[in-house]
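Order of writing sets the labels: A, B, C and D. Residues in every chain begin at 1.
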Amino acid sequence: MNSIITHSPALLIAIPLFAAFITPLLSRIHRRARDGFVLIVLAATELLALLLAQDIYANGIRKYVFGATLPSLTHPGTMSIPVRIIFEIDGLSIFMVLISLTIAFVAAIYSSSFFKKEDGLDRYYTLLLLVTVGMVGMELTGDLFNFFVFLEITSIASCALIAFWVDRGESLEAAFKYIVISSIGALFVLMAIGFLYGQYDALNIAALANSIQFTFIDKVALVLLLAALTMKAGIAPMHMWLPDAYGEAPPSVTIAVVAATQASLYGVLRVCFTLYGKGLRLNMAAVGWTLIGLGLLTIFIGVTMALVQRSLTRTIAFAAVGEIGYMVIGAGTALAAGAQNFATVALKGGVFHIFNDVLDIGLLFLVAGAIIYATKERDLNNLGGLAKRMKCTTVFFLIGLLAVAGMPPLNGFASKILIYESTYQLNPIISIIAILSSILLLAIFVKIFYSLFLGPELPHLRDVKEVPKGMLVAMAILATLIIIFGLFPGYVLQTIVDPAVAALSNPTSYINAILGGA
Amino acid sequence: MIYNIPYIAVILLIMVGLYAVVFKRNIIKMVMGITIIESGVNLFLVTLGYRAGGVAPIFTNLPEERQIPGQLVLPIPQALTLTSIVIGVAVLALMLALAIQIYRQYKTLDVTKIRRLKE
Amino acid sequence: MNPFVPIDTGSGFWNPLIWVIVFIIALLIVYVIRGLGRGDYKKNTGQTKPFLSGNVVENDEQLHVKGGNVYWGFTEAFKGYYDKIKNMHTGDTRDYVLWFLVMMVVFFAVVLGVM
Amino acid sequence: MDETSKIIKTVSSVMFPFVTIYGLYVILHGHLTPGGGFQGGAIVASGCALLVVAFGSDAIAKRVKESQLSLLESIGALGFISLAFVGIATTFFYNSLAGTKFLFGKIPPYGSNPGYLSSGGLLPLMNLAVGTKVIAGLFAIVLILAIATRKKGGRSK
């Protein structure tokens, strides 16, 4: 048991990676065997992550050195800097890993029945597992170059998944836009890594954070990293790839891409709070205010654009853009506020909102997928009166829309109230805009709810049936999590969010875990 | 001064690549632009790893007069470059495959006409 | 650990338990008020049918307001804003890259100018 | 596309074994000289690409099925990850074969040496696995792209 936890950081990557390449072999034998295998693997990985999480909450940061004679041997021999690829897992990393794996698991359940009639699924599962590996790797790694590699794995695999429906021109177009923009972004990340390596001869995040001097080149590297990662996180006005990609991918892929976007946001947080964290109190306020401004812009553009969309998935995608703004505002407020008390509250809200957003938006996309599955239709003008035929789906959509619009007592409200109250202390205007946008979001989803489910039955939708059980189970998992998070927000905050926030606001412990033991 | 020439080449390559991505209408040319940016970044990494008077860190038939490990360069930038090249190949293949499929669906490679997704 | 811990927001608190209790009380009040209503209305007559300004509606589908029309007034009122913001979303891949470069310049200005 | 000339076909057939041998050399000597799995695999795959160009994608596609290539690719990837799992008793990716008496187990003396093929522990095996994956992967990419573009050209003519 103990040794499993010791090796779990590596296993979290290795098991899905191994499974990714077994699935094409398995699918030659039997379809169901492959689907079941993927589910078992993802469930096992999730379990492993939970075990690791428990250990981290009890014993603090865990590190894993690949290929060393001991998992904790960061400085072999007389080395003064850490060599080898090191995984460093603190509260924030494991928080993000839990998000990614939960979503991957739900996506696998959902796709096992969503794609029942389609071919080419062996590749699909390989890519889905690779996206999982990429996300988890980004979140676990303590090495900047390794971060880049996993970032690229995530973007390549998710691009291939977005183009899964190759017969739809829109999917191809979205995938092409996604790969162009993300490969350019990733190249600038690599450039920034080069700048930092050239200065400090290190790639380890902890070692770099320890020696960072805020020279001109460091600032250039910060700019490149920030620009590329905020773009990958979908912050306005660089959000335009996001509605395309979210809207045109198969819904089970979309939720994986949503989680991958959050992994990029994790990158932003890691860069701002840990890598450049030593000068946090002095220098980062300007970055914080920029992030707040961009966050407000993101919320505003996302929400207002969602109102005028005609495609169901695209509307939800723009709402997802808006939701990202809240997290960015939380992080930006924490940076701008410096040492004041509400900085932690803002950060708590922002970090908690990552999980909530993935659950809410994920549930909405799954419902959208169910509607597409049942009706083969995604134009809002051609849909209506589905409530009589698809009762469970209606309930799930109602839960999702209330959660995403931040209605009490669901989870969206719990994190948004933290953001509202802390930003109000920084500047009331921020929270007023945030609240108004949230109300507008509710209005949008009431509109969608009305045009999808209410009203009289439309003639071409008379023979619509409820979707298969697998999809309902996937939606039910997310809905249950939403309700649990909504009813016990204090408990969730104390258990998983507080360690994450503590890890962010205390970069020294991250540095000392690697360098202090030397 | 002579050591700075590669850095100038890096900037030029990235500028050329970005020019191709931003101003060319043919998506194959945009793909080329991305590849040129990638070459620029790779050149940057390799240049970072250059040390005057250093030799490659390979023990096989190393000249005897070289000091070990003093004059051997640390091969990390080269390793990074190689990884980046491998990733670049994957991205390139994916983008070209997408370009072929897009051409089948849209009957054009003009990026201004490949915009069913807007607003 | 007590699962019903309220969230402390620094200047206030949020406890869903209280919200749920209040919600249940409100439901009870609603139920009581509903019970006070009259039970002697005439079923299956004009009293239970929707009233649309006296117009006769023969087909159910005509009642359906399509998704694109629900907030027509709102979008019409902010037409200037929406025209601008729609023009921003060109759908051209090159513009996406251009926005990325613009934002990089903005970050440059912020980080190098202020820090 | 018309048939390529006899010269191209003959020269490619003659060149192909040499290119393949060179690629395999680069893969096998990856732990001694510059090169390794990816580079050698890319060389072999370029030899395969030469055949695709000379004989046309259809002729090659008849001999080599894309499913076979993807099987080979999966095997290569699985081999790599399994080799990484070998050292899991110590750490993931731990080179547990180095310093043992098995093949590739020899630890070469420190400093300049003529190069011992039987050294490097798991690294040569990993190079082989990566090489397999890269050969299969790149060949599949070249083949698929060639078939995809050819079909289009064929229809327009």
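One rule holds for everything that comes next: a contact is a pair of C-beta atoms (placed from the backbone, for glycine too) under 8 Å apart; a residue touches a chain by one contact, two chains touch by 3 or more.
Values in this document were obtained by computation on a predicted structure and should not be read as measured data.
**Q** I want to compare two interfaces, B-C and A-C. Which one has more contacting C-beta pairs?
**A** A-C
**Q** Where the CA atoms of chain B average out and where those of chain C average out, how many Å apart are those spots?
**A** So the centre of chain B lies 46 Å away from the centre of chain C.
**Q** Can you give the whole-Å distance between the Cα centres of chain A and chain C?
**A** The separation of the two C-alpha centroids amounts to 24 Å.
**Q** Report the inter-chain centroid distance for chain B and chain D in whole angstrom, where each centroid is the mean of the CA atoms.
**A** Distance between chain centres, rounded to whole Å: 22 Å.
**Q** Express in whole angstrom the distance between the two chain centres, defined as the mean CA positions of chain A and chain D.
**A** 35
**Q** Among the residues of chain C, which ones contact at least 2 other chains?
**A** Residues 86, 89, 91, 93, 97 of chain C each touch two or more of the other chains.
**Q** Using the touch rule from the top of the page, what residues of chain B touch 2 or more other chains?
**A** 21, 27, 30, 101, 114-117, 119
**Q** Given which chains touch which, is the overall layout a line, a ring, a star, complete, or other?
**A** other
**Q** Quick check on the complex: what are the chain A residues that touch chain B?
**A** Interface residues on chain A, with respect to chain B: 145, 149, 152, 156, 159-160, 163, 166-170, 172-177, 179-180, 183-184, 187, 190-191, 193-194, 197-198, 201, 203, 243-244, 247-248, 305, 308-309.
**Q** Can you check the complex and tell me which residues of chain A touch chain D?
**A** 7, 10-11, 14, 17-18, 20-22, 24-25, 64-71
**Q** For chain A, which residues count as touching chain C in their complex?
**A** Those in contact with chain C are residues 176-177, 180-181, 184-185, 188, 214, 216, 219-220, 222-224, 226-227, 230-231, 237-238, 240-241, 244, 283-284, 286-287, 290, 301, 304-305, 307-308, 310, 341-342, 345, 379-381, 383-385, 408-409, 413-414, 417-418, 421-422, 425, 443-444, 447-448, 450-452, 455-459, 486-491, 493-495.
**Q** If you look only at chain B, which of its residues touch chain A in the complex?
**A** Listed in rising order, the residues are 14, 21, 27, 30, 34, 37-38, 41, 44-45, 48, 74, 76-77, 80, 83-84, 87, 90-91, 94-95, 98-99, 101-102, 105-106, 114-117, 119.
**Q** Contact residues on chain D for chain B in the complex?
**A** My answer: residues 32-34, 38-39, 42, 108, 110-115, 138, 141, 144-145, 148-149, 152.
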